[in-house]
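Notes follow the structure.
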Amino acid sequence: MISLDWYLIVAAALFVIGLFGVLSRKNAVAILMGVELMLNAVNINLLAFWRYRAPTEPVGMAFAIIVFAVAAAEVAVGLALFIAVYRRFNSVVADDINLMKW
Amino acid sequence: MGILSQPIGVIAEWLRNLFLGWGLSEGLTTVLLYLIGAGVLATLVQVWVIFLIWFERKIIGRFQDRLGPNRVGPYGLLQPFADLIKIITKEVIIPREADKAVYLLGPIIMDAGVLAIWAVIPLMPMVGMDLNVAALYTIAVGAFATLGILMSGWASNNKFALLSAFRTVAQMVSYEVPTVLALLIPVLLAGTMSLQGIVEAQHVWYIVFAPLAFLIYFIASVAEVGRTPFDLLEAESEIVAGFHIEYSGMVFAIFYVGDFLHAFTIGALGAVLFLGGWRGPGAETYPLLGLLYLWIKAFLVYFLVVWARGTLPRVRIDQMMDFSWKFLTPLALILLVVAAVLDHFVMGFGVWGRALSHFAANVVIAVLTLRYLDHQDKVRESKRKMVAQPGQYPVARPPVPVETSTEAAS
Amino acid sequence: MTAMQIVFILTAVVTLFAAFRVVTTPNMIHAALWLIVALFGVAVFYILLSASFLAVAQVIVYIGAIAILMMFVIMLTRREMRDRGPQTGPQWKWAAILSALLFGGLVWMVESMALPAAPVGDVPESSIADLGKALVSPNGFVIPFEVASVLLLAALIGAVYVAWTRRNS
Amino acid sequence: MNSWLYIGIFVALSLFFPALLAVLGWFLGPRRPNPVKTDTYECGLETVGETWVQFKIQYYLFALVFLIFDVELVFLYPWAVAYHSLPLYAVAEGVIFIVLLAAALVYAWRKGALTWS
């Protein structure tokens, strides 16, 4: 049988890989992909705890599905911003967008 | 347990005992049984496509007052086999600049996305996996078909292929919304997402409960497959090809097979969701009859698809997008609200009372929709008259945006 | 080692490898395709956790919609189809060290907790209907349910407003 | 769990069959590539430069509205499954949800985001 800590460790690994992507990538869309990986790691944790602790109540599933909605909203607005930025700067590389930097 | 009342059960039991007799473990036996079952079904479905290709060519030929294939074999039945042998011996040309792995994976994923739907279709009573999220599963698997198209369009490294892939994907996602909404109505009426459960709940076929939902499902699915009248992205009589322009030989044939299989899969899903699936006289006692009924119903819906292809003219891309977002989707939303509210009050009316009240509501909505469309037509007509003022050049109709394949590249 | 454990380990290896490729591959479209593989792996984890509904929802929402949207935007915000040069900034070493430290900390924390080795019970047959009831029950999640709808509405309005100008048409 | 095992096997097989066809075509067909043959097919013209077209924002907008609808529909499916055991006010909550969804559609429509131009 698979014990709970297996899921938690996989989720932790997924989370830090996503974090590495967010911190190291230059392209804004790639940064958003890192965020998606992190959100998925969170969802694995939510569902793993639900399955092992309270499988009879739908709490974990309800939480996970709301994370879906948040992720979708984040992607929709984030990508729209990138398109607006691209129109202004002709680039979505984070280093090139330095108007507010000094 | 006779072979007639439990055909699959008897065979499975026999095989299970055989494998266990060989000293295989319980788990491995189950895996082997599933592998055989899935292999047989998947093979049959793929072989069936060969027949479908013949059938469609023959029918379209008749629609156009031609004979259709008639040289190879009786009634030209062996024509698809001849084509198959020919296409196998053709060269698979991979463009120099193509992204090879993605280029080859594209058609495979697209075809797999269609074939995998068959895993959950209930073929007869007691057979077919009773997955409790089967209705959503069919949509989820369909997402891979979209993905495969985008992959092949991009990997070809051809601007026209990519442009066409963009348009195809935009069309597919646009028409997926009404499909998913229409699918929600049988789920709501049956109270389950399991397709086997939906079939069992159809004491009265859901086409009586929700004829408009069936119509929306049918139109939107035809558009998702990209068949006439929605085939402007690979219009064979006008342009060379769509997103698969760089594909040749057997790799192209995979797209071709996937396309035909998708059309028939729509028929099967439509039959399961709205036409009672395997239901029919005697199907409960002789499950093989159920399989026959399902096949006939699926074939009927498929015939409608071919019929539409043989008779309807092609639509323009702006009309196509408008039709999904500004007509089918709002209509599906209204239907869903009406079905949800109405069903709550007629739940206790018995099967036919419930069915007929839903049917009546559908008729009312249909009449109102037609009235509204008539009204819109009149408004448009009066605007047109205003354009043609005396003293000016009479303008017959407002200018129509000219549609060319390079226009989208701004 | 049971069959379930083998499936779990295979899925974990594929998912983590794909996730690693997402953050390291220089080609953005390949990154998006690897992301799809990683998200599919997560869906398999959901199946192993007997959350079938969430698994198919994951495929529909992430692979069918979010990944497609990302590939669209990658292709839209691009002067050439090929990416040239390194795609990671000079800070990648610090990012790697920080991530490794965090992973070590998380593993240490998970291992020092007393966690159940097996689930306390089975998921009931009616789990999807229970979820549906909980989502609209006043004692359950009716507020998050409606707020999610408002959030998505707001996201749509915001995104259309930001991305769409008359100039494009 | 067993049904997922079957589906896993089925999905693997549905990937295997088209892959088999591709491999078959690869081995049975001739393979004589030459520079003209492997050129990109762009109406017989020489391909100039990289494949790059600036695409319309329109495509993004369709995919965006689709994403929003998709997520909301995922919320609605459990509601539809539980429908038969829901009291009237719970049905009404679902209807409110659908009305908000319709509001999203109306906004995109009014804004002209759904008009192909």
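Which chain is which? They are A, B, C and D, in the order written, and residues in each are numbered from 1.
The rule is short, and it goes like this: a residue touches a chain if its C-beta (ideal position, glycine included) is under 8 Å from a C-beta of that chain, and two chains touch if they have at least 3 such contacts.
Being a predicted model, the structure only gives us computed values, none of them experimental.
Undergrad: Fewest touch steps from chain A to chain B?
TA: 2
Undergrad: If I average the Cα coordinates per chain and compare with the overall Cα mean, which chain comes out closest?
TA: Centroid comparison flags D as closest.
Undergrad: Going by the touch criterion at the top, tell me which pair is linked by more C-beta contacts: B-C or A-D.
TA: Looking at contacts between chains, B-C has the larger number.
Undergrad: Could you state the distance in Å from the CA-based centre of chain B to that of chain C?
TA: 28
Undergrad: Please compute the C-alpha centroid of chain A, do the same for chain D, then give the distance between them in whole Å.
TA: Spacing between the chain centres: roughly 21 Å.
Undergrad: Can you give the whole-Å distance between the Cα centres of chain B and chain D?
TA: Computed from C-alpha means, the inter-chain centre distance equals 14 Å.
Undergrad: Could you tell me the distance, in whole angstrom, between the mean C-alpha positions of chain C and chain D?
TA: Each chain's C-alpha centroid was found; their separation is 17 Å.
Undergrad: At least two partner chains per residue is the criterion; list those residues in chain B.
TA: Correct list: 131, 136-137, 141, 157, 162, 166, 169, 173, 176, 191, 193, 410.
Undergrad: Could you check chain A for residues that touch two or more other chains and list them?
TA: 65, 68-69, 72, 75-76, 79-80, 83
Undergrad: Can you list the residues of chain C that touch 2 or more other chains?
TA: Counting only residues that touch two or more other chains, chain C contributes 50, 52-53, 57, 60-61, 64-66, 68-69, 72-73, 75-76, 79, 81, 128-131, 133, 135, 148, 152, 155-156, 159-160, 163, 168.
Undergrad: If we use the touch criterion from the header, which chain pairs count as touching?
TA: Touch list across chains, by label: A-C, A-D, B-C, B-D, C-D.
Undergrad: Over in the complex, which chain D residues touch chain C? Could you list them?
TA: Counting only chain D, the residues touching chain C are 1, 4, 50-52, 54-61, 63-68, 70-72, 74-75, 77-83, 85-86, 90, 93-94, 96-97, 100-101, 103-104, 107-108, 111-113, 117.
Undergrad: Considering only the defined contacts, which chain A positions touch chain C in the complex?
TA: Going by the criterion above, the answer is residues 1-10, 12-21, 23-27, 29-30, 32-34, 36-37, 40, 43-44, 47-48, 50-62, 64-66, 68-77, 79-84, 86, 90-92, 94-95.
Undergrad: Touching residues of chain C toward chain B in the complex: what are they?
TA: Per the touch definition, chain C meets chain B at residues 3, 29-30, 33, 36, 52-53, 55-57, 59-60, 63-65, 67-68, 71-72, 75, 81, 125, 128-129, 168.
Undergrad: Which bits of chain B are touching chain D when the two form their complex?
TA: 30-31, 34-35, 37-39, 41-43, 46, 87-97, 104, 107-109, 111-112, 115-116, 118-120, 129-131, 135-137, 141, 156-160, 162-163, 166-167, 169-170, 173-174, 176-177, 180-181, 184, 187-188, 191-193, 240, 245-246, 249-251, 253-254, 257-258, 317-318, 321-322, 325-326, 329-330, 333, 336-337, 340-341, 343-344, 347, 401, 408-410
Undergrad: Which residues of chain D touch chain A once you look at their complex with the stated criterion?
TA: On the chain D side, the touching residues are 57, 60, 64, 67-68, 70-71, 74-75.
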